[in-house]
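For clarity, chains are labelled A, B, C, D and E in written order, and residue numbers in each chain start from 1.
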Amino acid sequence: MSSGSPIRVLPTPPRVVVPLRQHIGAPPEPVAGPKTLVSFGQKLGECRAFVSAPVHSPLSGTVERHTTLTLPTGIRTVAVPVSASGDNLSGRALLDEILGGDWDYERIKDVDPDEIAARVQDAGIVGLGGATFPTHVKLISAREKGVELLIVNGCECEPYLTADHRMMLEAARAVLCGALLAARACGGAGIAVAVEDNKLDAVRALEREAAGTGIRVVTVKTKYPMGGERELVPAVTGRLIPSGGLPLDVGVVVINVGTAAAIARAVLRGGALTHRVVTVTGAVHQPGNLLAPIGAACRDLLDFCGGIKPDAARIVAGGPMMGFALADLDTPLTKGTSGLVVLRREDVEREAETECIRCARCVDVCPTGLVPTKIALAARNELWDRAEKLHASDCIECGCCAYVCPARIPLVQLIKVAKARLAEIRRTAAERP
Amino acid sequence: MNNAPGKENTPLAQAPTLSVGPSPHMVSRDLSTRRMMADVIIALLPVIVVSFYIFRWFAIYHLLLAVITCVSVEALSMRLLRRPPTIQDGSAVVTGLIFALSLPGTAPWYVNLIGAAAGIFLGKVVFGGLGQNIFNPAMVGRAFVMIAFPAAMGASGYVSQSTGVDILTSATPLTALKQMGQGTSLMHLLMGDTNGSLGETSALACLVGGFYLCARGTASWRIPAGVLLAVTIISSAAYLIHPTPHWTPLHHLSAGALLLGAFFIATDPVTSPVTRKGRWTFGIGIGTLVMLIRYLSGYPEGVMFSVLLMNSAAPLVDRLTVPLPLGGSPGKRKP
Amino acid sequence: MTDDATPLERFLRGIIPENPVYRQLLGLCPTLAVTNNMKAAMTMSGAVLFVLLGANLVVSLIRGLLKPHLRILVFTLTIATFVTIADRFLAAFMYPMSKELGPYVPLIIVNCIIICRCEVCASRQSPAVAIADASGQSLGFALALASIATVREILGSGTWWGIRILPAGWDNWVIMVLPAGAFLTMGLLLGIANWLGTIRSETKGY
Amino acid sequence: MKLRYISEAWLVLLLATGFALALAAVDLAWKTRIEENKRRETIGQIPHLVPGAVRGQKEFVGKVYVYRAFDSAGRQVGWVLPAVGQGFADRIELLIDLDSEAEYITGLYVLEQKETPGLGANIIAAQWRKQFTGKPATLPLHVSQAAIGENEIQAVTGATISSESVVSIVNEAVAGFRRALEGWER
Amino acid sequence: MDLLVTLLLIAVGAALINNFVLHYFVGLCPFMGVSRRLDTATGMGFAVTFVISVASFLSWTLTYFVLRPGAPLTTWLLHREVDLSILNYIVYIFVIASSVQFVEMYVRRFFPNLHRSFGVYLPLITTNCAILFACLEIMKHVSGVEDPARVWGLPQALTLAFFAGIGFTIAIVIMAGIREQLDVADVPRALQGAGIAFVVAGILAMAFTGFTGVDRGLEKILKPAPSRHAASPSARIHSRGGEQ
């Protein structure tokens, strides 16, 4: 729906609210108190822990009183509101600053690999594919362990989302630059860009730019959830990630295209992660892909896209399969929000749940090879040891099972409960050896 | 402060139209439990039509009686248990149809009534209703009456197409084989102009309906594939050891309730395993048991027994075939 | 259990509230095996009554002299003796019935009802109580067997105690005299017993 | 130590003695009755099975175990051959009566069977068993739906398998017995 | 060869056709009581198989040599045929109790792992009627059988016992699988527990009816009808007829 529309720039909002904890790991501490003046890219939150990432102001302006809020993911965090001053970059200039302009492959050779990781950390880059895991941690452990291949994940996470697609079309060079830098930071891994086979235009764009760099562009089948690392790594390399393991365990590291572009900007231009490309689609009047400041209210994005249509019934941050429903339109955009999908009543309405008839559709569709129906039943009856035996912890929460279930059983929720419970049990067991 | 974001401050700011809910936020619409049951009924149509053509009045009357009995017993039981009514999901109709199709046309009315009631009650209601039963309700009903009224359950007559309207007494193809060593022509087995239970006579009708079910994805193709595979292998081996020109492996495949059973009965999702390997195991198990019973036991046919036996093993099969998660190997999990 | 119940209470308790079959799920094997007709079921109940009375009486009489570690040995010895006597009696005077009951008479030796009563009641109580207890439990057992046998014989053979009660046109439910029918009847009757039990406790509660 | 065992076990010993006496008494009192019951079922049947016979006597013909039936004058009037085999549901035990030449079957009695009541169990019906009377012992018998031939037996309705079982038990036993008889010197 | 076929038939009969639990209703207490979980059910199955084999061995030996009328040992000792069969039941129950003790001791000593996995069930088995039933079945084929050709030897007795144990294991394991699944089903309250277990056992018994006659079928295939025609050349018998 929005893959044909070029990235537009959201006009500078008058005010942004930047949550400090947008990633997996320790929360950063606020470093800009109320009433201080901050400039574009200045740190708002700083962190001491290794697995964490700083947060930067996307605007020049004045910091207001900090608040706390709950993100749709359920994370509670301190947020720093910043009201914009008049001198912010906007429009084309901003786009050029972040994605456009000239990206010179030659400069990459001169960068010291340690420097890359340090810059990435300083720029607050976290995985933009949705997991929001701090990227420098990934790069450093990849270097320590030694990886052979860096996969740039150009699959579109979910149906409806097109941000990554546009990015590959419009900023292919930035993405590849970031990939080269990341590979260098990992100790010189080979690079493959994985793109789904319904985005051949992106493949062509990437191939054009990749000429002479040794980067391979690989097409993979268009099938949700191909973007998940557990599916992607085998599809590209033929290697299976062991249960409970990471791509690192098979010598691979995966980063998202947005992450790659952010790395390029951080290392070559010294810019922090302050903006991201977001798909706004569904029941809005002018769906599209926006370059928006992190911390902007979702309402601003939706309004810029012409507002929601009357039959809108639910707004989802992320994609329709794994995203989180917004309870509040003022919820700020975070680093991990790849899209805003406005669903209509008929999309979200579902028949009443009935008994599982063991049709095994969920089993057939589960990309991880689990038996969702049995895990869900175990969770419902609180039989945790049974859930454990059924490998509940391996679920990637892709939602495929719940999508196909003819009995409309909320499988993912039940499995998530089991996962959480099992993690808890494991934790207490570890504490009491 | 007043417009600071957060659930606490501005609940559902915009519109009463907005709702929150857990992911995934969309569901596939092409299937629901009811649609699946409707599919089975559609797929049974060729079988039902053939049974009308061959058994005439017997077929109509048994099908009606069984469906009405099944639906009313289910409705009544749910009332009695003070549970919400469940007949609208259509599974009781399917049970009734399949039960009726597994009866010989000449079965007396009370056999039908008792069997249908026993099937729904003992086979389904006591386990808690749709989706919870261990055994195939139609086969529980059939086994109940087969053991309760063995004499009445012999297929002893049908309306012959070749001679008009009389009720002929003739052995079913399998009984003729077992007791008199007689064969039946493949053409008859295919078209269904033989004696037997209402739904089992025509191999062709079962195949047509069965392929529809598998193509729709309502039934898992792995189960019938497993059944047919096992029957083919075992009967071919037996044929090679002891060739019987009047009864080839093809006869074994198309005679008796094998095809009806493989496509419509073994595939009952509720009572079969859910894992892929489990479904193969289940199908192959049924095929093997059918051949064991046909060759060795006192009964001419073994579909019903095999289905019930494998139903009983399905929970075990499921347990032993829990697939490893992608890339997983047991014991490799990180603590 | 509390143990100063009078003999009469003991007797009554065994019949319904502590029915060995429905409430305690004891002695299941003979319960199912011999209930395809009333005659066999009642003969079995008689044998159980005899053994239980005998064993309870003997155990109760010698209860003061019992050493704990020899207890089970003495019980077993006593029970096996009485069972042998019952078995021989049937073979001598009711030969066809003895053949019909077959191994289920000797199986009374391991019938849990008897060991349970010896252990719980007779080894602690006076002979009078022990006898009342034995009779109550046996009556409870007999009633349970009778209920199952009634269902099975009427449906399965159209008769009750050998007397035809269903019309001649009745087609016997052969399954009822076979093992499957025994299990099904037992399961459903247990369900009904539980259901009545809950209804009773509910109405008491209000 | 040992003494303690004995002092503790005295009760057991006493009981055991008591029980042993009781059992001995029971055995003495009822044993003959029980034996008589059993005998009545086998040898005791002979007068009813073999026309003219008044008593039977155990005998081994070769390795085959049979009863000889004698009339009041002490002449042999027939043989009674016990036989077992697998029926539809469980073992079937038969007594087969042959004339003294072992050329004709003179009767059949079902000692034990657990076939389905109403179906296979009908093999005990005198009506059905009567078919065997007068059938030749020299030819194997066959089951058929409508018995016409000299060596054909009509199946019990709905219980072809039980009928076949009985017939094959009879065939096997009779053939074996006749083989044994052949080499047997009296 | 004939013996092997006989043993095969006994085995199939004991394990499938006349399954101890589903056909003879013995061993119901453990079948109902210990079938809630698969692992305990398996343990119980093996424990019963083990004890039933040991107890049957002992009871066959005692019955064959000592207890039955005309048993060799008593005849030799007392110089006349005596019938001690009145002691059968008492002897069996002691044999069972002591084999349980013995098996437990032995297993604990030499197979501690095995003991950990099913040792706890052993004492429970003492009062399990399946074991006594096996002893009684063997007795039926040893004691008081008039035709010596039909008296069971040790191989028959052990085959019956072992495969009865296997049949018990099959039944209890299937039952445990089903009950684990029923744990998550919405069974009406009055039927929960034993009620539904009996219904399941009933349906299992119906399903096992399908095996009826398998032994006969096997026999037909393995022992082709022993010379129904050829064995008695009627001409010769006819000629002998006159001599009799």
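Some observations on this one:
Simple rule for what comes next: a residue touches a chain if its C-beta (ideal position, glycine included) is under 8 Å from a C-beta of that chain, and two chains touch if they have at least 3 such contacts.
Here the structure is a predicted model, which is why all the values come from computation and not from measurement.
The greatest centre-to-centre distance from subunit A, using averaged C-alpha positions, is reached by D. Closest to the protein's overall CA centre, chain by chain, comes B.
The mean-CA centres of subunit A and subunit E are about 65 angstrom from one another, to the nearest whole unit.
One inter-chain figure worth recording: subunit A and subunit C are separated by 70 Å, centre to centre, where each centre is the mean of the chain's CA atoms.
Chain centres here are Cα means. That of subunit B falls 35 Å from that of subunit E. With centres defined as mean CA coordinates, subunit C is found 41 Å away from subunit B. In subunit A, the positions touching at least two other chains are 355. Of all residues in subunit D, those touching 2 or more other chains are 23, 26-27, 88, 116, 118-119, 161, listed in ascending order. In subunit B, the residues that touch at least two other chains are 122, 126, 129, 132, 144, 147, 150, 298, 318. In this structure, the chains touch in the following pairs: A-B, A-E, B-C, B-D, B-E, C-D, C-E, D-E. The part of subunit B that touches subunit D in the complex is made up of residues 150-151, 154, 179, 298. Subunit E contributes residues 9, 18, 83, 86-87, 144, 146-150, 212-213, 215-216, 219, 225-229, 231-232, 234, 236-238, 240-241, 244 to its touches with subunit D in the complex. Those residues of subunit E that touch subunit A in the complex are listed here as 183-184, 186. The part of subunit A that touches subunit E in the complex is made up of residues 355, 377-378, 380-381, 383.
The touching residues of subunit C, when paired with subunit D in their complex, are 58, 62, 65-67, 70, 73-74, 77-78, 81, 84-85, 88-89, 91-93, 95, 99, 156-157, 172, 174, 177-178.
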